[in-house]
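Following: one structure in C-alpha cells, then a few remarks.
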Amino acid sequence: MPRVTVTRRLRFNAAHRVHNPALSDQENAAIFGKCNNPNWHGHNYILDVSVEGDIDDRTGYVFDLGALKQIVEREIVDKVDHRNFNLDVDFMESVIPTSENIIVAFWRLLNDRVKPARLARLVLWETENNYVEYTGG
Amino acid sequence: MPRVTVTRRLRFNAAHRVHNPALSDQENAAIFGKCNNPNWHGHNYILDVSVEGDIDDRTGYVFDLGALKQIVEREIVDKVDHRNFNLDVDFMESVIPTSENIIVAFWRLLNDRVKPARLARLVLWETENNYVEYTGG
Amino acid sequence: MPRVTVTRRLRFNAAHRVHNPALSDQENAAIFGKCNNPNWHGHNYILDVSVEGDIDDRTGYVFDLGALKQIVEREIVDKVDHRNFNLDVDFMESVIPTSENIIVAFWRLLNDRVKPARLARLVLWETENNYVEYTGG
Amino acid sequence: MPRVTVTRRLRFNAAHRVHNPALSDQENAAIFGKCNNPNWHGHNYILDVSVEGDIDDRTGYVFDLGALKQIVEREIVDKVDHRNFNLDVDFMESVIPTSENIIVAFWRLLNDRVKPARLARLVLWETENNYVEYTGG
Amino acid sequence: MPRVTVTRRLRFNAAHRVHNPALSDQENAAIFGKCNNPNWHGHNYILDVSVEGDIDDRTGYVFDLGALKQIVEREIVDKVDHRNFNLDVDFMESVIPTSENIIVAFWRLLNDRVKPARLARLVLWETENNYVEYTGG
Amino acid sequence: MPRVTVTRRLRFNAAHRVHNPALSDQENAAIFGKCNNPNWHGHNYILDVSVEGDIDDRTGYVFDLGALKQIVEREIVDKVDHRNFNLDVDFMESVIPTSENIIVAFWRLLNDRVKPARLARLVLWETENNYVEYTGG
C-alpha cells in the first residue's frame, strides 16, 4: 500500500514581540534586537501541514484536504489570525513567541486530530527568507 | 563520494473529475464536493522530480537535468498536458485521479528510467495551497 | 483628495476548451492546437480586481477589500470555480472561452457593482507565463 | 531619448491596528472587523518604488537602484520596519494606518528625493492577496 | 470592440558586466560597484512582453500567445540565453548592458513584429527586487 | 527537548561556465551544451541553509537567524556574489562549477561554523526549475 504525504498550506497574520520576561530589558534588546520592539511588529505567516498515510481505495485520498483545512482553521488559524501571539493566544502563554516555539505548540494542537493518519511535518514561514520545520522529534 | 539530490521542476495543465464509479452519484457528491463536478475542472500542476546519486567526476553532475527533463516530458508530460486525467490518460484507467493516485502512477513510470541514479522523491502541486509527495514507500 | 487604486486577488480552478463551433474540427485543431482537446484541460486562474477612488476619511479605505472579495465571489468565483467555462457558465454562452473573452465578461459583471468607486483594471493569469488585462476600453 | 521606468522592491514587517479614534469601539469593530483587534496584528509588507526618467548616457541608468534603495531605506524602511504604524511612526500620526493612507504618506516622503527623475508609482502589498498603488494624483 | 492587453512571460539566463569603456577603470568601479566585476556576473532574467489589440471574433485572441512566444524566442531569447550581453549579443554592441538599455533594444527588435497589434509594454526583471519597464516613449 | 530545523534563505548572483578542462572543447560542447558557452552565463542563485538543534530556553531559538545570516554572508555570499565561479572563487578551483559541486563546497565551508547545532541541509536553486540539495552524506 503506497504511503503518500499530503500537505495543506494555510496563512495567517499576527503580531508578536520576541521577548523573555525573565531577562532584563537590556538583555532582551541585546539578544533580540529590533524583534524586541515593545510596541510589537508582525508577519504574514505561511503554515504547511503535512499528513502521511495510506491511500484510501474508496476516495483516493490519504486525508481529505478540505477536512484538514477545517481542522487547522479550528485548532490554530482561528486562534492566531489577526491576533497578538504574546497577548491573545492562550496556548502560547509563558512561551517566547519565536517560530520555533510556535511550531512546537502547533504540533501539540494538531497531532491527535489527524489520526489514524500521522502528522508528518509542519513548516512555518515567518518571512520570505526564514522558515522552521518540525517533525515531532 | 558525496551523494546529492537534484531536482527538475516541470509543469502541465490538465482537467479531471474526482469521482469513484463504484459509488453512487450522491455518495460521490457528498465525499468529493465541487471536485466531483461532472463537467470537469482543471489545474496548473507543478511536478518536482528528484533524483539522488553520486557526483560524476567527469561532468560534475548527479544526473544531467536536461536529460531528466526529456525523460519526464516523454514519460509523463506529453501524456497528461492539456489532457483529461479521467478520459485521456491510459495509465490512470480505473484509478480515481486524486493527486495521491497520480503521484504514485508517475513514480511507477519514472522509477526505472533514472538508473543507476535513484528516484528519490516526487512532489506534485495541484494548487498553490495543496501538494503531495511520494518517496516510493 | 488622493486617488488610490486598491486590488484584491482571487483564485479559482476551471476547465475549458478553446474551440470555435463555427469552424471545422480541422480548423479548430490548426488554430488552437492542444488547447482544443475535446476532452478539456484546465487551469488555476488568478484574478486581480482593481478599484480606484478617493480615500474615505472615516475608514481610510478606497473600498473595503473584504466587501470587494464578497462581490467578486458572488458575481464571478461562485459561478466559475471548479466549473467548465464551455458547459457550466451562463455568461460565457456562445463565446470562445479564451482569457481575452473571459476578462471582458468579468468586467461587465463587476463594472456596476463597485460604484461610486471605479473599476480600474482586471488582470487574469491563466498560467504562470500568460496573463491578460483589461481596463474597460 | 527613451524614457524608462525602473523599480526597486523593498520589504518590511510591521504591526498595526485599523482603527478610527473618532468612532466608538462598536463602530470600529463593525467597520474593521478582525483588523481592529486592540492587541494589533501585522504583516510582511512589500513596497515597489518606481522612478521614471531618461537613460543617462554615461551610466546606462535612469536612476542608480542602489542609491534608490538607500533613499527608501532612510526615508521609509528604517522608520517602519519592525515597528507599529499606530504607535511608532511619526508621519502616520492621526492617520488610520490602512494601506491607502500608508502609501500616500510614503509618496510624500519620497517625491522630492528622486529628482530630477520623477516618482512614477508606488505599489504596496499588505498580503499576498491585497495591494494598493498610487501615482500621485 | 474591446481592446485587451495580453502578456507572455519568457525567461533567460545571461552574464554581463556593467561597464562604460569611455570611463577609466576607477570611474567604472566607483559608479557601478560590484556590477563592474571584470570577470562578469549573471542573472535569471524574466521578460514580460505585452501586446494590445482588439479581440479577433474568429479566435477569441488578441494575439496567439504561442506565436508571440515563437517571435520573442527567435528575435530575443535565442540571441541572449546562456550568453554574455557584452561579448555575444550583436544588438548590444557599444551599449552599456544595463536593464534600461537592454529593454529599449528589445523593444526595437519586437516593435514591428507584432503588427497589426501594438506592442504595449515590456517588463524586464533582473533580480527579484529590480525591474524596468518600457512603453516605447 | 524538541528538535527543530530552522532555515535562512540567502541570494546571490554569479557567472559560471560548466566546463571540464580535462576534456576537449568538442566533448565539453557535447556534454554541457549552451551551459558551456566560453563567454559565460549567469544566474540568480537562492540558497537555503538549514540548521537543526534543541530550542534554547533562554532565547526560544535553535539558532539566531541573524547570526546565521552573518555566517553565511561571510563564508559564502561575500565570496561568490557578483563573481565568476570559474575565475574568482578560490574554493571552487579545479572543480567544475555545477550546482552539485557548488553545494558540496558550501557544506564544507559551513559545517563547522554552526556548532553545537547541526548543519542539516543545504538547498541551492540555480533557476526556478532546477535545484539541488545536500545533507552531508
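The letters A, B, C, D, E and F name the chains in turn, as written, and every chain counts its residues from 1.
In the analysis below, a residue touches a chain if its C-beta (ideal position, glycine included) is under 8 Å from a C-beta of that chain, and two chains touch if they have at least 3 such contacts.
Just so you know, these numbers come straight off a predicted model, no measurement behind them.
The pair with more inter-chain C-beta contacts, choosing from E-F and D-E, is E-F.
For A-F, the equivalent interface within B-C, E-F or A-B is the one where over half of the contact pairs agree by residue number, namely A-B. Our note on geometry: chain C versus chain F, Cα centroid distance of 41 Å, whole angstroms.
Centre-to-centre, using mean CA coordinates, chain A is 34 Å away from chain C.
Chain centres here are Cα means. That of chain A falls 29 Å from that of chain D. Residue positions of chain D touching 2 or more other chains: 128. Pairs of chains meeting the touch criterion are A-B, A-D, A-F, B-C, B-F, C-D, C-E, D-E, E-F.
Residues 2-10, 50, 55, 58-62, 64-66 of chain F are the ones that touch chain A when the two sit in their complex.
By the touch criterion given at the top, residues 11, 13-16, 34-35, 37, 39-44, 81-84, 87-88, 127-128 of chain B touch chain C in their complex.
Chain B makes touch with chain A in their complex at residues 18, 20, 22-23, 31-33, 95-101, 103-104, 128-134, 137.
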